[in-house]
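In the two assemblies presented below, chain A is common to both, partnered first by chain B and then by chain C.
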Partner chain A sequence: MRASLTIISLALGAALPLAAQQNGVTGIRDLAFGTVFPGLPSVVSRTDAVNSGRFDLSGKKNRDVQLTFVLPAVMTGPLAATMPLAFGADDAGYSPTQSVGNETVTWDPRTSQTLTLPNTANPKVSIFLGGRVSPAVNQRAGGYTGTVILNVVFF
Partner chain B sequence: MYTATRVTILALALVAAGAATVQAQNNATVNVTAAVQQPITVTAANPLDFGTVFPGVPKGVTLASGSAGRFTVTGQGSAPVSLSFVVPANLTFGVSNTLPITFIGSWNGINDPAGFGVVFAGATAATFSGTGNLYVFVGGTVTPSVSQAAGAYVGTVQMTVVY
Partner chain C sequence: MPRLRVVLLAVALGGAAPLAGQGVLVAPHAVYIDHARRSGTVTLYNPNPEPAEITISTAFGYPVTDSLGHFVLRTVDQPDSTLPSAAGWVQAFPRRLTIAPLERQTVRLLATPPAGLPDGEYWARLIISTRGGKLPITGAADTAVRVQLNLVVNTNIGLAYRKGPVATGVALSLLRARHVGDSLVVWSRLQRQGSAAYVGTVRAALVDSTGSVRSTLSAPIGVYVVMEPRYALSTAGLAAGRYWLRYELVTEREDLDPAVVLRVPPVRDSLQVRLP
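What follows is the complex of A and B.
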């Protein structure tokens, strides 16, 4: 009896780290503003099925996750030219069904957000991101890029 | 019994310790991308010049004339733009002498006035050439009265180009 208790307990203890291995986040799609014109701000909505940024998360059901974006203030272009990039309220959205436009929770990506994964086996969810770029009237022509990081803590 | 309880407590403590450390962190990145088009530059390349006119004799300047006004514009190749104008109803001389004027215009991707018509009330859609050039030509007619005061009359045509 004593031996059985110990084995069961140790088995449980060993199973938890294995469960943690199921947690993951992957960058799926870039936030793409496409062609923009000097002096004309351009907006990409988080509900844009083609141009919004997208991350996919997987984890365990009912598990809380904390999402924190690291957002660039500018994009960098030719000859180190920069172009302002902004994010605001409702620019981030969470879809438990991985469907853009079906975000059940939206928030300002400049702040952290804690969510609970769906009560389904091995849930997979998506996070969508929109934003706004503001090229100056004399913005240097060319391609601009930046990087968005999504840090996820799985509780 | 005492021993069994101790083992169980120890085992549960181990489980609890495991649960406390089940907090995984992970991160991923996506890029943000944009392609900025060439900025628009507008240059007044040639003034609209009616030269000498005579009282009571209207005088026109055609778009193909060397006296026609011409703007040259550069921007993103093949990009659509909108042209709009602010034009005077009269040329002026001094504080009270006016000379009525009307305008005609055209735009083209090459330096040729035989292009597409423009309107001076409202916006005109135009397109840069593949190499990012646009030419706008402005002609018109002045109608001096028979009692038109002699003098040098001037006015300004303003053109705005936006993507």
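What follows is the complex of A and C.
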């Protein structure tokens, strides 16, 4: 019995700390611009339930978290071709209920934002991101890539 | 532009692939290293269906508040000798790793402080940088391809290194409040005392004329130097009239190992406020 208890406690000891104390952000959904035509900007709203970028954030209740996006101004394509990518004043949103329609805080993702996690056990919230891509009339076809950096500071 | 080329480009750019999951979960959310052991650990868990490429680094910084009372991280790229930085002599092993989907890994933190380091508490920030598996770009360069937005997540948590006896405390002053909408917004000035950060909890309560507590707030706090944090107490549904705002800081933290919390007596203040 004692051996069993030891095994159980070791097992729980290995599993519980992470579950109980975990903090972090995971990318759930890419910011997707759908069909893009040369010369026609494509806008994705942060409230777009399908195409907006979504990041889930886990932490402790009532904890303050500072979010800072580092956003590319362009995506780079073939032969160093670029495609402008823009973010505006209302393109980031925070939902304490992880619902795209319930964003209690919105902000300009080009600036830092400090949020307080909900007063619930092991809260999990969502961040939504919208943006605009503006292909030129003579945009070169090919693959375009960019990197979004999300800095998350747990206080 | 020829019609065919337009169609090809539209097809190409329309093929935005789903994001490979990025980011890892980190525990604990604050690391304390004692001079006697000079080591600590963090556990990383990859909850995503793709491998996570991780780089771990350290930097110097500590929480402060901005002009609105929001917490922000003050960072110093090249901390001089007047700042209690441990960033230069705490290293993670391994510093680069890949965690398979749904797997966890322990990372060891080793401290190699300089000889003759004075007693005290030294700070760093541990930055766990995660990059997800890259999506392939397929197709010929001038026809069908995919648009790819890579995401890098930097999770930034606190680290404290303690050598010898350390003490903490906090001085509370300039308690003030203002009614905004359905909240009572509260500010105060908090200045750390002693040689270690004050890590505890802020509690606030609104008490009516009968002595009944009508609204409460509790939030974790770490006072490293000085700050003026802003908190909001709900006043929704409260009748107009006079209330007492009770405000205190206590060295209690349910999310931290009690062994690392430096205990000192509570610090309190109060203020009479009128709700319209």
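Keep in mind that, in the parts below, the second predicted complex is superposed on the first by the 134 of 155 C-alpha atoms of A that agree within 3 Å, B and C clash if a C-alpha of one lies under 4 Å from a C-alpha of the other, contacts with A are read in each partner's own complex, and residues count from 1 in each chain.
Just so we're on the same page, contacts are C-beta pairs under 8 Å (C-beta built on N, C-alpha and C of every residue); 3 or more make two chains touch, one makes a residue touch a chain.
Since the structure is predicted, the reported quantities are computational estimates derived from the model, not experimental observations.
**Student:** Identify the partner contact of A:122: answer first if only chain B is touched, second if only chain C is, both if each is, neither if none is.
**Tutor:** In the superposition, A:122 contacts neither chain B nor chain C.
**Student:** Under the stated touch criterion, which partner chain does A:104 make contact with: chain B (first), chain C (second), both, or neither?
**Tutor:** After superposing on A, A:104 lies clear of both chain B and chain C.
**Student:** Mind working out whether A:62 is in touch with chain B, chain C, both or neither, as first, second, both or neither?
**Tutor:** second
**Student:** Output check: A:139 vs chain B and chain C. Expected answer is one of first, second, both, neither. What do you get?
**Tutor:** A:139: touches chain B and chain C.
**Student:** Who does A:38 touch here: chain B (first), chain C (second), both, or neither?
**Tutor:** The answer is both, since A:38 touches chain B and chain C.
**Student:** What is the contact status of A:27 with respect to chain B (first) and chain C (second): first, second, both, or neither?
**Tutor:** After superposing on A, A:27 lies in contact with both chain B and chain C.
**Student:** May I ask you to decide whether A:153 touches chain B, chain C, both, or neither, giving the answer as first, second, both or neither?
**Tutor:** Both partners, chain B and chain C.
**Student:** Applying the touch criterion given at the start, work out whether A:114 contacts chain B, chain C, both or neither, answering first, second, both or neither.
**Tutor:** second
**Student:** Could you pull out which residues of chain A sit against chain B in one structure and against chain C in the other?
**Tutor:** After superposing on chain A, chain A residues 17, 20, 23-38, 53, 55, 75, 135, 137-155 contact both chain B and chain C.
**Student:** Using the touch rule from the top, collect the residues of chain A that touch chain B in their complex.
**Tutor:** 1-2, 5-6, 8-10, 12-14, 16-17, 19-20, 23-40, 42, 53-55, 72, 75, 77, 83, 85, 129, 131, 133, 135, 137-155
**Student:** Which residues of chain C touch chain A in their complex?
**Tutor:** 1, 5-6, 8-14, 16-30, 43, 45, 47-48, 63, 70-73, 104, 125, 132, 137, 139, 141-143, 145-158, 218-220, 222, 255
**Student:** Which of the residues in chain A end up touching chain C in this complex?
**Tutor:** By the definition above, chain A touches chain C via 17-18, 20-38, 53, 55, 58-60, 62-64, 66, 75, 78-79, 112, 114, 116, 119, 135, 137-155.
**Student:** Within their complex, state which residues of chain B touch chain A.
**Tutor:** 3-4, 7-8, 10-12, 14-15, 17-19, 22-40, 76, 79, 162-163
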